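In what follows, chain A forms one complex with chain B and a second complex with chain C.
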Partner chain A sequence: MASTVKQCITLKGSAAIVAEFFNYGINSILYQRGIYPPETFTHQQQYGLTLLVTTNDELLKYLKAVIGQVKDWLNELIVQKLVLVIKRVDTNEVVERWQFDIQCDKTANETTKRDKTEKEVKEEIKSIIRQITATVTFLPLLEAVCSFDILIYTDKDAEVPTNWGESGPHFIANSEEVRLRSFTTTIHKVDAMVAFKKTD
Partner chain B sequence: MAGCSKQFEFVFDGGLQSSTRALLVNEVIKHLLYERNQIPLQFDFLRQQLALAETDNAQQPSTKPLSSQSQVDRKAKSVISNLDNMFENIIKAFETCPEIQKAVVLLGSTPATPKESYIINLPHLCPEADNISLKSSKQALFQHLVAEQVLSSDLPLGPTNLYVVLCAPRTASHLPGFIPKASFKVPSRGHCLTLNMLCRQPTFACQDLTFEDTEVEISGIEPLSLECSSLDATVAYHVMSPSPEKRARLQSQFHLDKRKRHLSNPDKDFDLTKIHFSTPLIGSTPKISASNQPLGSLDLYNGTNCGQSHSQSVWFQCSTVVKGYRV
Partner chain C sequence: MDSPVDNTAVFRMRKDFDAFLSGSGTRLEMPSFRLDLDKKLGPSRKKPATNEDIRAIIEKEKAEKLREAELLAARSQITRLESQLTSTQMSNKRARIEFEKDLGSMKHDRERETEQLSDLRAKLKQSVEGEKLARAELAEGQRDWEAARAAMATKLSKLQGEKMQLEADIQKVKEESWQQMMELKHEAGRSKAELELKVTELEESREQLRLQSHHMEELTEKLNEFEETRNKLRVAEGKIKDLEEQISKQAEDAAVNRSLREDIDKVPGLLKEVNRLRVENEYLQQQQQNAHLLQEQLISAQHKLEAAEKRGEKLAELEVEHEELKRRLQRWEAEDVSGSRRPQSPAVLSQRVQELQTAQLVALEEKGRLQSDLSMMELKLKEARELHQKIQGEFSVQQMQTQQLNELIKRLRRKLLLVTKERESYKRILDGYESEITVPVPASSRIQELEDVVEGYRQQVQELETQLQQTNELHAQTAARCFQLEQQCEGENSTLNRSLRADQDKIHQLQEQVVQMEQELKKAVEEKEILEMRIEQRNLQGDYDPTRTKVLHFSANPASLAQQQREKEVERLQEENARLAARVQLLEQSGGPVEDLTMQVEKQLESVPESKLVEELKAQLSREELRKQRLVEAFKKTSQEFRETCYQLLGYKIDLPCTGQYRLASMYSSSPQDYLLFKQGSSGEIQMLETEFSRQQQDKMELYLQTRDSIPALLSSITLDLFNQQTMSLD
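Right after this comes the complex of A and B.
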């Protein structure tokens, strides 16, 4: 007799899925916005898409540390937003701001099992990554040399590691916003949005 | 339109030059290829990655690429080359015939049996309008296309062929790089999306001066309640016709009648005795006919074929076909 295994999502699994999304999402943004040279990226197949991920050791190390910490906070259900800001190197002016709002289901705990398959969640993530990639068609060209920064909004009671510091929101003056798709694991829901400086 | 499942409208804030319209069609095709899984990366990134791969191969000739990677690169190269050719043909077609009003992008094994059809209704050319740049128009259009996910679909679609068919006026006997397809019809089968592009452009009032059948006040005429006398008739005549020399013309243009009050539809028998001089009370402003629209009105797509009848237009199919691929 054939047996069926029903897939479900746990808190730990949900945090891993969301953290993985951030890793690929941030890499995609950094590639397509030209923050790092294209030759420092390599192809990877993920979510049924061809994605580009960095091969730059320093950047890999930085992203590993940041996303590792975010994953811990996702497990603790205390993270509210992840924001990637792109700034001009010469003036430090913020020109683009990618905001990922995270809603955590505070009722979830280590024993929680939600009735949603990983495949379903990854289909939703595929759509949002595709949309992020498609934003290059309308985002203004970044003409100056730019750098990026990652901001994490957490609950007030979050324990902040020593190498993390408090920061301002890095808003853009005179910006335009485009809301993108969202996905949910049923424990964490992520809504994406990009804001960019209005051009004449 | 039969078989079309979705319609999307986008209004540009000004007119579009023919060259801009051609480039927008090209940009929609690029975006569509990515959205519908026909190319693994956005077109410009695909080109960039291929150029990098070629540079790597040139610098390290001894390092043979894996056969599968080599095949992928070959396919990418072929797609890029065919697309470049197709885009060039589209630009030339719009240069030859700026009046092209419709482009149809078909995804499927043949143009007659597409799995998906995308109909792009382009805005009419309007020389009087302020034209907007390609950059602005592209940004505005794609911001909406991406945010509203107009071209994305959950329907699975494997690698297939992409065809482009343009609808041009019958006066366009030849479009470079395109083959006339007299028998082509927009397919009714498969998934279909119509993208109506409109322009906010000025349209100028026509000369139809028909008034609504309501009372109007003509400034400068004292209210009188007398029936026509010869003197009054002369006075009235001078008001309506500033120079006696134009009397003959006026006679064929104006007919003032108590019952009608029309300033059009010339009456052959202009009879002064019919003129009633009691100035009507103030009424409504002239009703502008349906063809008259105020400045800044929309060039609304009327749902007809290129804004022309089928007999006035002819289809041209691009001789280049693009075959999608998957990594």
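Right after this comes the complex of A and C.
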């Protein structure tokens, strides 16, 4: 919430809000889907909810690096999607795909100011995170040991930083999709959805 | 500067001063003090601070007091002298004068002293004031200090309080931690004890395990033995079963043998019978063949019979037909006899038919002509009708005109009648006038006037008539116009109707088209929706447009890390597996406990990786070979390019027929036999070898090689030479 002014949202503030959402959203998914053991998570109050945030040092480092980069790209308005892929470690098969479509308002720049309060945006984010928590009821149980990867869909002209590489889209063969809520800062609009492997 | 502290200072000062004064006053009297004070205190204007000063002052005071005592003695003398004066006037007067003289001097002294005293007092006052000021300052300083001290004290107390609290906290925490530590120590002790217990237990269990394993081994041995015996038993049982089976088989065989022998006894009789039967059989077969032949013959005969019968029937039919035809022919001929116009033979008939056909053709032609005529006539009729209509229109116009004219004539007649009547009346009047003429001149003049009037009337009538005619004409014209317009209108109406129908058709068509288009639109919309749905689906599944989007991820992501870890784990497990397998193998080989098991396993494992090593080396070798091949290819390519460029640039194709030799063939040489040979010596120098071509270039060789020792120059000159030859030959 670094530089959001009370009454309006700037590009930088919007990027910060979205990046923060990703941080909490990814943490929530990792906790809910049991990718990391529950005892490595700690409680934190955010958006008027009690969220679980990892304390695993390596994971923290990774998330910091990824989300920092995403924030930069959000500032440049070149991110199209952020996808959290959950795959089996043994077969490398993609089991779940949490996709966050980002629609950037390309007309925005440093001086843009939008009339939307941070409170409203956070209300929207709150409902998404609630939905993520609720998805556990219908998502199939992850039986095998799974790990995750974060894919960023960017514009073609985006520079690839060191430590980053191009990747495939990691499709799920025979998948079922569920659309979740969305939120917008009026500069960035984020649509959430989850695709998971159909169980026969 | 006036503050309570200041006042206290002043008080204190005054008190000090008073004390000082009273201290001095107890021993000395004021006047003497005053007298000597100015002398003693003059130089030391500041307050007597030290004891030494005070002592000095006291000494001086003593001297002063002595003087004062003298003064007092003098006074007493004065008083005595005064009393002597009262008693003795003379002595008194003298004494008085002396006394007065003394008094005057004394007074003078005293005045001087008082002056000094006042001066001293002023100075004292000043010094007192200075002191007061200093005291005030001191007091203020003290006060500030006090305040500061107070503040510091409060702070200190507060801090001390805090410190106390913190100390208490620390104490508490220490206690707690100590407690915890104690607990932990306690726990540690306990756990240690437990651990020891466990260790002992573990050792015990190990012992037991060892015992058990020993037992186990024994048992396994026993078990093995047991197994072996069981196996033997099984084998033996199997053998027994086999033998039993053999026995039963043999019994069966014996029975079979017996029966077979019986059968064999019957064989010679059977053979005889067989021979007989064979002969019989042959005979029967022959018979059968004969029967087959006969049957076939019968069937063919039947077929023939059927055919013959059919032919007979046909013959009968044909005969009937023949009869009929004959009859017909007869009739023909008979008719021919009766009517001579009939054709007498088919030839005539055919001729007749031909004639008729030609006639029909002609008729057809005629018919076509007539039809064309008819159509023409129809056209003409149409034209005529139109003309007729037109003429009728004109006729009606004419009729109307004539009607108008008739009306006009009628009107004119009526008018004429009116006019004649008028004229007659006028004439009658004139006659009346003429008959009654009394005054002829006025009458004639009057007649003249009247005639003029009549003339005027006539003119007017004429004018009116012309006007009427004009209007009638106008009317007729308008009527004709009207008719024309009506006709036009009709025509227009018909065309309008036609166009209306066309329009309606068109509208209908368009409506149909619209309906069609709407259907298409609906279809397109549906398709679009389906496609959008599909796109949405694809989007949901994470599809993207690779021309506009790329997918990035952090290289050191948890999934790949987990993957790597897993690979390592698998490798480790494989290794462990190999080791365990070796161990098992060793155990199996020895069939019991093995000494230095681990060592042997290690040895075996060391030997095992050799195959792995070989595989790795093989892989490496193949990789290297591939690389080498690639390098060779690349080298070939570059060398080819290099040679090609050399050839293009220098005009010589350089080949290596054998190592150390270079064959140069010029680009412009006429035959492939024209080449130069060079040889590279061991020290790197180039020597020219003799060839057919070089023998032809002796002069140049002499010029460039022997005199100038330059191979490039020779080559260039040869190139130029050949080039010139080539171009010349081309020219």
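Throughout what follows, the second predicted complex is superposed on the first by the 194 of 200 C-alpha atoms of A that agree within 3 Å, B and C clash if a C-alpha of one lies under 4 Å from a C-alpha of the other, contacts with A are read in each partner's own complex, and residues count from 1 in each chain.
The rule we apply is simple: a contact is a pair of C-beta atoms (placed from the backbone, for glycine too) under 8 Å apart; a residue touches a chain by one contact, two chains touch by 3 or more.
Owing to the predicted nature of the structure, the values given are computational and were not obtained by experimental measurement.
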item: Fit or clash between chain C and chain B when superposed on chain A; value: fit
item: First (chain B), second (chain C), both or neither touched by A:8; value: neither
item: Partner chain in contact with A:142 - chain B first, chain C second, else both or neither; value: neither
item: Partner chain in contact with A:151 - chain B first, chain C second, else both or neither; value: second
item: Touched partner set for A:172, first chain B, second chain C, both or neither; value: second
item: Partner chain in contact with A:66 - chain B first, chain C second, else both or neither; value: second
item: Dominant contact partner of chain A by residue count, chain C or chain B; value: C
item: Touching partner for A:45 - first (chain B), second (chain C), both, neither; value: first
item: Partner chain in contact with A:181 - chain B first, chain C second, else both or neither; value: first
item: Chain B versus chain C as contact partner of A:134, first or second or both or neither; value: first
item: Least C-alpha distance (whole Å) that remains between chain C and chain B when both complexes are overlaid; value: 6
item: Shared chain A surface residues [contacts with chain B and with chain C]; value: 179
item: Contacting residues of chain C [partner chain A, same complex]; value: 537, 539-544, 547-563, 566
item: Touching residues on chain A, where the partner in the complex is chain C; value: 58-59, 62, 65-66, 69, 80-81, 83, 85, 87, 89-90, 92, 97, 99, 101, 145, 147-156, 158, 160, 163-172, 175, 177, 179, 193, 195
item: Contacting residues of chain B [partner chain A, same complex]; value: 27, 31, 34-35, 40-42, 44-45, 48-49, 52, 138-143, 145-147, 149, 152, 327
item: Footprint of chain B on chain A - complex, ascending; value: 31-32, 38-39, 43, 45, 49-50, 52, 127, 130-131, 133-138, 140, 178-181, 199
